Structures are given as C-alpha cells and as structure tokens.
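The structures considered in this document are given below.
You will see chain A twice below: alongside chain B first, and alongside chain C after that.
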Partner chain A sequence: MTDYNFAYLDEQTKRMIRRAILKALAIPGYQVPFASREMPMPYGWGTGGVQLSAATLTPEDRLKVIDQGADDTTNAVSIRKFFEKTAQVATTTRTPEASVIQTRHRVPEAPLSADQILIYQVPIPEPLRFLEPSEVETRKMHELSEYGLMHVKLYEDIARHGHIATSYAYPVQVEGRYVMDPSPIPKFDNPKLSNCAAIQLFGAGREQRIYALPPHTSVVSLDFEDHPFEPSKADAACALCGDHDSYLDEVITDDAGTRMFVCSDTDHCTARRDAGHGTEDAA
Partner chain B sequence: MTPLLDVRNITKSYGARLGCKDVNFTLWPGEVMGVVGESGSGKSTLLGCLAGQLAPDAGEVIFDTRAEGPRDTLLMAEAERRMLARTDWAFVHQNARDGLRMGVSAGGNVGERLMAVGARNYGDIRTRAADWLDRVDIAADRMDDRPGTFSGGMQQRLQIARNLVTGPRLVFMDEPTGGLDVSVQARLLDLMRGLVRQMGLSAVIVTHDLAVVRLLADRLMVMKDGHVVESGLTDQVLDDPQHGYTQLLVSSVLQV
Partner chain C sequence: MSQTTLEGGFANAPHDAARAFRACMTAMARPGRIEAIGGATPPAPLSPAAGALLLTLCDADTPVYLAGAHDRDAVRQWLAFHTGAPLTGNRADAAFAAGTWAALQPLAGYPVGTARYPDRSATLVVEVDTLTASGARLSGPGIDGHAALNLPGPAALRANNALFPQGLDFYFTAGDRLAALPRSTRVEDA
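Our next item is the complex of A and B:
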C-alpha cells in the first residue's frame, strides 16, 4: 500500500457519512448518529470535522482550515497538511477563495456564499447534556420538543450573574423546532448562522453525531423577553487593522500585563491590512 | 358532574409477580383519595400507572381534560400525556431529591414548569416563583440557593411549590411525609391541607401513615397483595374497619 485513498477514508465510509449528511440536511438541527471512524488524531482534535471534510471534498475543491479564527495554529496547520497529503487538494487561507472551510470554534468574518460549505468541529453535540445527563431522556426531549429546561439554564445565569453569562456554545433553535448546540463558537457568531447562504455541517467524532443547517435556515438564539440575546465582543478595535466590528482576541504581551486586542479571524485582519487599513482606523 | 379521574380495572404485573389487580375508583373534583397498605401491597405501582409513569397491562385511566373532556390517558400520544403531566398534573415524590433538580436554584426549580409551558419573561417567572416560595414558607433570600443547602422539610415544601406553580388540578403524592420528623410532618400536612382546600385540588395520596390520610383524605382505599380490600369514607374505614387486614392496620398504630 503506497497511496491513501482520496481524502484518507475509504469509499464505503464516505458514502455512509454522506448518507448521514443528507439526512441531517433534511432535518435541520437534528443530530444524526453515524459510525464515526478512528482517525489518525486524538478525539477532541476535530475528528468529526475531518470526517465531514473527507466525505465532502472533491479533487477540484479548495480547502481552508480555521482554528479559533486563525489559519496558522497547530490544529489548522496539521489538518490542512493532512488533506494536502491524503487528497492533494488545493488549500488557501483566503475565506472567499475556499470552497470547503473546516472550522474550530469560529465563523469567518467575511460573508459566505452559496458555493461554500462550512464544517464545524463539535466536542459535545447535545445542548441538554449538562442539564439532563441521560441520553435516553434528552432524545425523548428532542423528540417531543420539550425545551423548557434550556431556559432553566439561562434563568440560572441571570439569577446568579444578573445577565445571561453563557458566552460561547450559546443554544439556538432551528426553524422553530430542534434546539441545537452551535459548537463552542462565541455567541458573537450566532447571528451569522441564521440565513447563511452556505451549507453548514457539524461533526462530533467522539460522540458520533452529525447535524446540519441547509442554506438560508432560520436560527434563533434562545433568550427571555426582558433579557434579549446580545452578541458580545471586547469593547475595542483591532490593534493591527483597526476594525471595530470583528471579534477580538485579547493578547497579553509582557509580564507586566500589557495587553492588545487583535482580530481573531487572521484572514480578515490580513485582508484589511493589505487593503490599507491600519491602526489609524481605530481612532 | 363528570369525575376528574375514572380508574377502571387497572392491572399491572411484573412478570409472574402481581403489582396491582383490578383497581377501580372514581375521583371527583376537589376530592382527596388516600391509598394505604403495607410495603409491597401495590400502592406505588398503582400510583405510577395513574400518573403515566408505568404502563399498566390492562385497564383505563380516564381523565377529564380541560379541552376535550374525559379521555383515556393510556391511549394518548406520549407528547400529550407528558404535557398533561407538567400542566394539569403534579407528582410529589417521597424523596424530594427525585422530584427536584439539585443543581438548579430554588427559584429555577419552581420556574421550570412555567418555562416548560412557554413562559419567556424572566421578571414574570421570578415573581411567580417568589410568590410560591412565600406560600410554602421558604424565605425570599433563599430563592437563589440550591436545594442541597435546604433541610429535608424545606426540600419537600420546595417540591410542592415546584409542582403547584402551574395550577394543576390533580396531584399525585407518594409518601409525601416519609422520612420527616413529626413536627416537620405536621407543618407540611398543615400546608398541604391549606393548599388542597384553597386551590380546590384533587389528590391521590399513597402512604402507609394512617395519620396522614386521617388529616388529608376524604376517602380511603386499603390495599393488600395488589388488591383493594376495603374502601369508603376515611373516618368510616378507620373508625369501623371491616376487613381483617384493615383491622390489623388500624390496631397497629402506636398510641403515644
């Protein structure tokens, strides 16, 4: 054996995953069980996302991999190299040029288009997991659309912190039916899920679940009438490109606690700086 | 008048062992039915069958629903039955830990049923939860504490508040005073008696404590080995027991 099959997985496995994807697209927000395979990386490193990418990639695709917004961190680099080696597909860091984007915990700042697929890595697909430990019971709750418990969690947040303190993996309801975990993206990204032109696929390898949002699906973040959902970000502008509207990372720069805020989406930041934006925009 | 609950020939066995057999009774609005018997007599099995937690082998449980009148709950879709269970019904467990969410504050516990039926205004939910905690004598400053920090009696009162907040019409209670010391029992009984009268609740109370049924129940059924051996008005059954087992039960109560 000298070569890998295209995109590492064998054809039967890819077919099985594609069937799960089609079912997931047909029932937006529903968690479809699938026979998750062992991948050459540990669980928690994106085995679900990698299997989805392997099943959706074609030789003509151009792949982008994001890790917390960045293209140059370990997870992103190694998954990108993995598919360069096993599928020989072209890769890119530019969001508009990519046709398949695998992401860990961020949605790109640039709007997505109809010919793109966004693939999320999901650690825990069950939004009710920490409220109701029994999987039998949570499936029943999904089946019967019994989601009062999800609001109990938000109620507890407000009672304890005075506001909804959940800031990532913020639960959403899809088309008024299934409550879904949007993967641990910051709640700043939640509005981008709704009415998105691209296909969004979610893969949890260890938990063996795939779920999906077809294009232009309505996705509503859960909230209370008197405590409405608010996407939040650091109240600053990017120290490199001066953007006020992108999601920011806080970076500690020395032992004295000096800090700077920079765009979490490195491609967005680079593109803006290439276009001539800079710190003067921040003022 | 239509009975609130009409139970016909409920039978449930666990393999070769009998849970309960051919239990019949009618519960009228505002009435409290006591079910007494020793451990293993089938009273908890009966309660489970009535409340939709166990599937009986045979029989009918006809509940007078608000919208459509009398319906057999055993033939309902599960979604509908679970909806009933969190709106028109309430279930008070013997052990408060079975009926409460221990990881959620007292206010959240009371608010859960409201949110489950669609309440989405935090301020309203909190006001109603505070009102109910007050009605069961839990201090307002304990509202954001978890039930784990409460005493046994408080947990049981919290469980009652959590169940009654949606204004149910039928309450199932399984040994509601079990495991509590007598002074706490007395307060709890006093509270339950008040709530039953004020809200016009109907209730089915399963217990082995004859004092509890004497105080709360209008009518009484005595069960032994899965069968109802005697039934009638509470005072009548307790003061003039006819069946040998009932006589034994009544005479076994310790006099202080």
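Our next item is the complex of A and C:
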C-alpha cells in the first residue's frame, strides 16, 4: 500500500481531465474548460501541466520534465520528484528515452517520435486575452473566427519597431481554424509544433483550460506576406558544445558585462559534449 | 442484482484505467489507428473494449444512453455498479452513447455542442463486428497523409465532419480493440 493514489489525483478527477483531453484532441486548438484542482504547488508552477501528466501517465511510462529547456532547475526537479513519489514512474533526462515529457516554455531540440507525448505548462491560454479582457467576448471571437484584432497587434509591432517584435508566445493558427497560444515558448520553437509526430497537450491550471494538437496537425504562425514569420535565436554558437542551430540562453558571468551563450536545452548540450563536440565546433 | 453485475470491473482501477485511457487517447489522437484495450469483462452484448472505455471515462457527471440490444438489465446494472453513471433514455442528454451503428441512428438526436462550446458534445461508442485498416479514406489532424478504416456509415460521418468545430466523436469497438473518428477527420469513399 502506498500513501497516494496512482499519480496523486483521485480517479474521478482523472476521468474529468481525461474527457477534456479527448475533446481537446477532437477539436485541435480549441480551449476546453475543465475543473482544475488545487495541487500541492502554487498556481504558476505548472499545475495545469501536472494535472495533464497525472491523467496521462501509466505505470510503464518514463517521464522527463524540463523548465526552459533545463532538467535541473527547481521547477523541473520538484515535478519530477513529485511523480517519482506519487506514481512510482521511471524518470529520465534524456529526450529520446522519455515517453512523456512535461515542459515549461521550450520544445526539446531533438525531434520527437510518435511514441512520445509532450505536455506544456501554460500560464495564459487565451491568445486574445491581452487584447480583449472579457472571456465572453473572446469566446465569441473564437466562435466567429474573428481574429482581425490579433493581426492589428502584429501590425502595430511592425509600425512601431519595423518588424514583428513578439518573440515568445507567438500566436499560431491550427488547421486554419482556431488561433492558439503556443504557451510562452520562444518563437524559435513554433515551427516544431506543426506536423509533429508526438501528441501535444497544453494545460493551464489557474485558468482552467486544456487544449491539444494531435500528431501531424498543421500549425501556422500568424504573419503578413511582406513580413513573413521568422523564427529567431541569438546569433552565436553554444559556448559549451559549439552548436550553431540550437536555441541559446544568454548568461552574464561577471559584473563587467561579460557574457556567454549556452544551449537552453541541457540534455541536447550534454549529449553533444558526450559525443565529442566542443567549443572548437563554434569556429 | 446478479453476481455478474459485481464482476468484470477493473482489478486495479488506477492502473487499468490509466492504460485504458492511453489506448483511448492514442486512438483519438490518431484517427483510424486500431488500439488494444483491456481490463474489463462486461456482460454481453457490451464488448470488452466498450466496457473498458466506459469504465475509464464515465461517472456520475456523464449521462449514458444505451441503444437497442445494449439497453438491457445486465448492462444497465453493470454500468450502474461500476461507474455510477446515470442512464438516460433521451439522446439529447447523453454524454456517451453505446450500441450498434443501426441502433444508434439517427445521429441528429445527440448533442453536438454549441458554436461557443463545441466540446459539450456526445461521444458515441459504436460496436462493430471487425476493425480493419481498409475501406473509407481518412485524412486530417492526427493522420500523416491518409489512413483507412472500415466505417459503417461514411456518408453520415462526412456530414458530421461538415459540422466542425461542432459535431460528434466516435469510437468503434470490436472485441478488445478500438479505433476512433473525431469530428475533425475528413472521410472519403475508397
């Protein structure tokens, strides 16, 4: 006998979340309301993603948790330990070995396979929320596919900055229907959402919404013909593994403004260094 | 209440339901793909796959409509004991409906959700004799290119797809296997 029901949540709560997941998969990009529970961690620490993981995990799964690409930050370590304790599932930091990956604000660099499930933690699921505060109004806008306001916002970016300055939580349109918030991933990651082999689930605990992308779903970042969408990253190579193509974090190393760029995806960086890549690759 | 009513549920509910849900989710995320699902031995004519699905997803919050031959005492009592789901004789109230394709007709009676809340729609569990990856041609979200599945009524399912984002979602069950067809899938004749 263990102290917790499998994966912490009671069975009725899991059934409610599971029904919401299935409807979310049937209507890609549409936000399904669900009765989000209080979890033993504060809102904003991934309670939506944790509830999705709890409803999705089987005893045979191997779980990976990342926070902005890293396996070793507080949020990732805590959630990984939470499921080790309450579900007794195996865990890993290696992307290819994981069957379920819970993520905060990054998509792993390694391509995902058909056997994997990617679960995103989402703070604000409504892409129109900062343009229209009323849920009644945003529901109506989704109902009517009335997304002109979002294009106005992107246009104002261009008018003000000369280019679309939105660099994370960059809005996408799913299968030509629902405009969706991809969660605050850098727009560098947006292209990975489209035609992905894995199932992608999005959970917002405080806002009580679940949405999903089935595998091989078309996901298009909104843009204009004369200002096409461009995924962007720091123009540098990783100071540790020398990769030119991965997404980089900028790290300030002293008070004089010295800085270095390193891979945001710690597993990707470690795997490359284990394979013999290093700073000489950066040249 | 007979002895069989009490039997045939999940032996280890949290683990069995987790595995059964994974099969349901994989099927719904990959329309046309045939998945094995187990853990339940419901009374006939409910198939083991349909029984496991209903045990995994139904409870006091989900009215269940049993169609045709499935609406019999043994099934009603088994579902009531193992899930606590209220049974309804009214299709318009159903969150889940189970039966053969013919018994579930007409599809017009089930809730398809509203334009603002298309998720408030019924899921139909259609018992079929066999599931094979042949017949109607499927495409859409969850499908890499095209898939095929022997569907009982392609024309009605095409009409359901035309309602998107509203519409019904379907599971097809045979023995211990199931496949799914969400409203988002486009259905063409082979």
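In the analysis below, the second predicted complex is superposed on the first by the 281 of 283 C-alpha atoms of A that agree within 3 Å, B and C clash if a C-alpha of one lies under 4 Å from a C-alpha of the other, contacts with A are read in each partner's own complex, and residues count from 1 in each chain.
Just so we're on the same page, a contact is a pair of C-beta atoms (placed from the backbone, for glycine too) under 8 Å apart; a residue touches a chain by one contact, two chains touch by 3 or more.
It should be emphasised that the depicted structure is a prediction, and the values quoted were computed from it without experimental measurement.
Judged by the touch definition given at the top, the superposed model places A:14 against chain C, while chain B stays out of reach. Here chain B and chain C are compared by how many residues of chain A each touches, and C touches more.
Applying the stated contact rule after C-alpha superposition, one finds that A:217 touches chain C and leaves chain B untouched. Of the two partner chains placed by superposition, only chain B is touched by A:146; chain C is not.
With both structures placed on the common chain, the touch criterion links A:22 to chain C but leaves chain B unconnected. Look at A:226: by the touch rule set out above, it reaches chain B but stays clear of chain C. Overlap of the chain B and chain C interfaces on chain A comprises no residues.
Residues 13-15, 17-19, 21-22, 24-26, 28-30, 56-62, 95, 115-119, 121, 123, 140-144, 164-165, 169, 182-184 of chain C are the ones touching chain A in the complex. Remark: chain A residues 144-146, 148-149, 151-152, 155-156, 158-160, 223-227 touch chain B in the complex. Interface of chain B with chain A (complex): residues 78-79, 82, 86, 101, 104-105, 107-108, 111-113, 115-117, 120-123, 125-126, 143-144.
Within the complex, the chain A residues that touch chain C are 5-7, 11-12, 14-16, 18-28, 30, 32-33, 55-60, 139-140, 142-143, 175, 177-178, 197, 199, 212-218.
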